[in-house]
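Look for subunit A in each of the two complexes below; its partner is subunit B in the first and subunit C in the second.
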Partner chain A sequence: MSRWVSTMVWLLVLVAFAALGSITDDERLMTLAIQTFIFAALASSWNVLGGFAGQVSLGHAAFFGLGALITRELWLGEMALPLAIVIALAVTAAVAAAVGLPMLRFRGIYFSVGTLALGVAVWITAGNVWPGISSLPADALREYEFTGPYYVALGVVAVVVAVSMWLKRSKLGLGMMAVREDEEAASATGVSALAYKMIAFVISAVLAALAGAAFAFFSVSYYPQFPFSVVWTFEAITIVFVGGVGTIVGPLVGSVFFVVGRDMLSSTFPEIQVLTFGVLFIVVVLLLPGGFVEAGQRLFKLVSRGGADQKAKTGIRPGEREGKEKT
Partner chain B sequence: MTQLVLQSAVSGLLVGGMYGLVALGLALAFGVLKVLNVAHGELVMLGGYAAFLIFTERGIDPLLSMPLVFVVLAFIGVVLYQLLFRFVVRFDIEKRIKNSLLISFGLVLILQAIAVLLFTGDDRSIVTGYSSAAWVVGMVRIPWVRLSGLVVAVIAAVALEWLLTRTTFGHAVRGTAEDWSLASLAGVDVRRVYMIAFAISAGLAGLAGSMVSLGYSVNPTIGLGWTLKALVVIVLAGLGSMRGIVLAGMLLGLIEGLASVWVGGPYRGVVALVVFLVVLSFRPQGLFGRGGAYV
Partner chain C sequence: MTRHKLWVLLAVIALIIAACGGNEDTSDTTGAATSTTEGVTETTEGATATTGAPMEAPEAVYFGAVVPQTGAFAGGGAQVVRGYTYAVDAINEAGGVYVEEFDATLPIELILRDDESDPNKTTSVMEELAGENIAVYLGGFGSPVHAAGTAVAEKNQIPYLGVATALQALHEQGYQYYFSPFPKSPDIAVSVYEMLNGLLPEGERPLRVGIFQETTDWGEELGALWVEEAANHGYEVVLHEKYAPGSEDFTDIILAAQAADVEALFSLPTPPDGFNIYKQMGELGWKPPFSLVVRAADVPTWNDLGDAGDGAMLSAGWHWALGFEGIDAINERHIAEEGRPADPIVGGSYALVQIVVDAIGRAGTLDHQALRDAIAATDMDTVVGPITFREDGTAPIENPLMQRQAGSVVLVWPVVEGEGAGDILYPAN
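The block that comes next holds the complex of A and B.
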């Protein structure tokens, strides 16, 4: 698929979702769509750092929460939403730049546990500083409509996906992937591993804050501590890996699976729902190690040239001899 | 003031022993199988319910029923290994950590849901004749039930270290942890070692659960909190020393205890995590870790 065709397809999808927002006024459908958008944006933002640059952060919710907190406070303080979001993103970028440097000195599992510790520390602090519930004022509550949040959340996903696509094709993204594959080799060929990891960390944090802003605008009332919860991080990672890590489509497909799957099961008891979802999730991870995207690619290959593949299996494939010599 | 500081320090050390006990099992699974089982805290929770049920149904004291709880949880560990983690250890090491993280996250959801269905969401704890008994040393009060948690942690760490360093099976375990393919060439049944190590890891979670239901309380959602503490303890200690893990747990508890006096109760967790990050910055191999060692 050429670049232009794929861009057109993405634009068509966007237009279709935009149209859907003005056609339907089914509240359940709108809520599901908004939740999917928020999760898709959050998961895609984690994917920039975890999928492209290969740094598994377990403290991602800190930036989601920060974006939500600042946007909500400024917006409820009578500031225009776009301005509130811009300020939230700027503050998040500054915080991420300050925190990123000491964190990225840790490697592998130490980075994961380090970011986890940071995320939990911020989570507890947020709960201590803002113990009260954050609700929309009565006037706003009476006028509440799903259309506004729907388009804001859709716009947020569009921005996050666009940035991810641009990154994946740019030199910057290539540098990140080089660091992911082999940090030493990348450094030896003149790629500054730390610089690329820092850029990925800051972009990822800012995009997470953007998702947080959509959450703050959508939610009627919640505890300010809630978006800082580690559970958001775990859910984002879940979505990314179920969909396909390091891909653009993966986090999007994963979030549809996650939100719709959870909702479809919610007609039964909540415990049964969680139980079923847990089992389903493990089955997906065990049977499709590359996520939905890889499974889809395999299926596509199988359908498009099933006969040729069958023949290839009987003969010696290139690489097979090499493999044998290695072992 | 001195009394408050001393009491908080002692309470912190006692809780810290429990952090160490939870971390022992997690470290064993991580060191040997290279799987990160974030559902370890849920196994602690199940152990807590097991001890609670044995106490309420049969009236057996949790300190006496501990071996039974160990066996029950070790059995659950074998089942989980055969159903799930057996497939994870087929991957190379980096993929193992990722896949085990995902699978055990699913396991967290499942075990929590099962616990709510079976035991409801209420807090449970075991009340025995000695529940309120305590030694008073000077100005400091040491509750028996909490002290027993620390004692069990120390005994478990010493026993585990003896098993790993003094027995043939332990040598097989450490060899497997170091390089499973070399161990396999040397005649070690790697799959069996994996299964038994995971069973012991789950059994240790059972011991921790017994002590949690005795000195603290159990409900279906306690798991994540214990897992997080245990993760911090493992990185703080560094792999390679089981005694080091219990010491690091006590250190974490001590910092939390003192922070609750000097910084304020709500921030004790934050202070401990900040100290952890600082230690990690200056000693990435951990406080007691031996470079290159796994268990």
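The block that comes next holds the complex of A and C.
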């Protein structure tokens, strides 16, 4: 698919979702859509570090929580939402840079365990420092509309996808992928592995904070500790692997599968929804190691090959016969 | 500017336009929806006025209950479920609830959902329930889940009633749809000192107070009030330790309390922290003469602590020995099914259903606003005593204090005569 066609497709999807927000007032649909956008943004942000740069962070929720916390506090403190988000992203970038420098000196499993320890420590600390629930003021609750959070979440996921697309096509992204494939080989060819990992870490953290900001704007009530929970990290990883790690579309498809699947399971099999989803996840990962994206590509190739074989045998493509017969 | 960048710019502009348009459309849609609703109301009124026929009745009056049935609050949640179930069964056995707008007596159907003791799950489950034509929300167990749930109720403008939450701060948010006939932190903070002064002669009172405060919103609220009220009642706080809920090792703070010669230990642990604290106190061979754990001892498994847990005081909002009308029937069923008299939270939960049924009877409708107004105007006798509501949704209600004595929960304050009540076991060590 050419770059121009690809851009057009993305634009159409974006406009379609933007239109959806203005034509429906179905609160359940809006809620599911917003949750999907937030998960898609969070998963895509993890994908920058884990999928592009190959660094499996298990402490990603710390940045999601930080973005949510700062945005929420400033916004409820009467600051304009865009400014609150910008400050949250700036602080997150600074924190990520400070944390990333020592963390990224670890490699492989040591990096993963180190980030997990950091994530858990931040999670517990957040609960101790901010024990009170954060709810919207009573007047705001009674006037709450889903439209604003819907467009903010849609805008956030659009930004995250745009950044991911740019990264994947840029020299910077190529450097990250070189580090992912073979850090030693990349270093030997002049790629500064630590620098690329640092940049991926900071970009990934900032995008996670952006997803957190959307969460903070959407949620009517939650304990500030909640977005710091390591569960967010594991859910993001689940989504990425189910959808297709290292791809742009994968986290988006995975988030739809995750949110809709979870919603269906919670209403049909509430007692075993976690177990059911866990088994489903294992099955998908075992049978489709490249996630839904790879499955789609395989299917496409299969269909294309079938068409090519048929053309070689008959001289016409599938469907052409019917078309000719019809005409 | 390249064509590609131009497309990106156009996308951003499209999004902004859609967002602005969306807001306008939504306002219109909301307005239209409101108009439609009004239209429906007008039509209905018109129809009623013209034909005199009542509206078509639903199959039942639905109460949406979100209660922890798994997780940390499952033990308390089970009591809440029993209270709701007993009350709904009693109402339905008596014929149901008459709703004037339908000119029909309808059964009550309890739509029960588990929030897994997770406040964040509470909000999502409550949002789901909002689409199921419920008349009211009935809350679960524990301040965190109520704190999350009340905001959703306020957003959806559906009345919310809850017990097993003492968080006063929730009533200071300006919420209009939240009602809780249950003792709050200020009641608990005062009543424990009043009880000690009322039951124990001067010179024998445990004047050296120690506080184990969990780092939660309710912990901060009640911890501060215990400190504040201590001086007002002649007590001294000699130890004030904080811990994170879910901690597993309390040795440090127990030893600190022992070293500070604490005579009265106040705590408000989330399950299973309370159990662990007392277990470790037993292992360390220390037990203060007086200890209050608010609701932690309100589980049957507390008996497994043996001597270590005996004498622990509870502030759980209700006791069957209070003798209000209707308690006998609750107790009879509870004994038959659970093998013991009614647990404390069963009474409060039962009373919530009584309050809603009374409000529906007076409102004559299931309309949320009318129902909310009727609940606010409640003035009735329930199994937890007479109930009226203040502006903030709290109710002036007595805070009974109970004590674990040889495996039973005994009412020690207020002093009443009869089965289930008794003298305080003091010193408990």
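FYI, the second predicted complex is superposed on the first by the 305 of 327 C-alpha atoms of A that agree within 3 Å, B and C clash if a C-alpha of one lies under 4 Å from a C-alpha of the other, contacts with A are read in each partner's own complex, and residues count from 1 in each chain.
Please note the rule applied: a contact is a pair of C-beta atoms (placed from the backbone, for glycine too) under 8 Å apart; a residue touches a chain by one contact, two chains touch by 3 or more.
If you're wondering where the values come from, they're calculated on a predicted model, not measured in any experiment.
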| item | value |
| --- | --- |
| A:R105 touches, of subunit B and subunit C: first, second, both or neither? | first |
| Contacts of A:P82 with subunit B and subunit C, given as first, second, both or neither | neither |
| Which superposed partner A:G155 touches (first subunit B, second subunit C, both, neither) | second |
| First (subunit B), second (subunit C), both or neither touched by A:V285 | first |
| Partner chain in contact with A:D139 - subunit B first, subunit C second, else both or neither | second |
| Comparing the two partners subunit B and subunit C, which touches a greater set of residues in subunit A | C |
| Touching partner for A:I124 - first (subunit B), second (subunit C), both, neither | both |
| Which of subunit B and subunit C A:Y222 touches, first, second, both or neither | second |
| Touching both subunit B and subunit C, residues of subunit A | 124, 127-128 |
| List of subunit C residues in touch with subunit A within their complex | 3-4, 7-8, 10-11, 14-15, 18-19, 21-23, 25-26, 29-30, 33, 113-114, 119-120, 123, 127-128, 130-131, 144, 147-148, 150-152, 154-155, 157, 169, 173-176, 215-217, 219-220, 244-245 |
| Contact set on subunit A toward subunit B in their complex | 56, 102, 105-106, 109-110, 113-114, 116-118, 120-121, 124-125, 127-128, 230, 234, 237-238, 241-242, 271-272, 274-275, 277-279, 281-282, 285-286, 289 |
| Residues of subunit B touching subunit A in the complex | 36, 84, 87, 91, 95, 97-99, 101-103, 105-110, 112-114, 116-117, 224, 228, 231-232, 234-235, 266-267, 269-270, 273-274, 276-277, 280-281, 284 |
| Subunit C-touching residues of subunit A, taken from the complex the two chains share | 3-4, 7-8, 10-11, 14-15, 18-19, 21-23, 25, 27-28, 31, 124, 127-128, 131-133, 135-139, 141-142, 144-145, 147-148, 150-151, 154-155, 158, 162, 219-223, 226, 266-267, 270 |
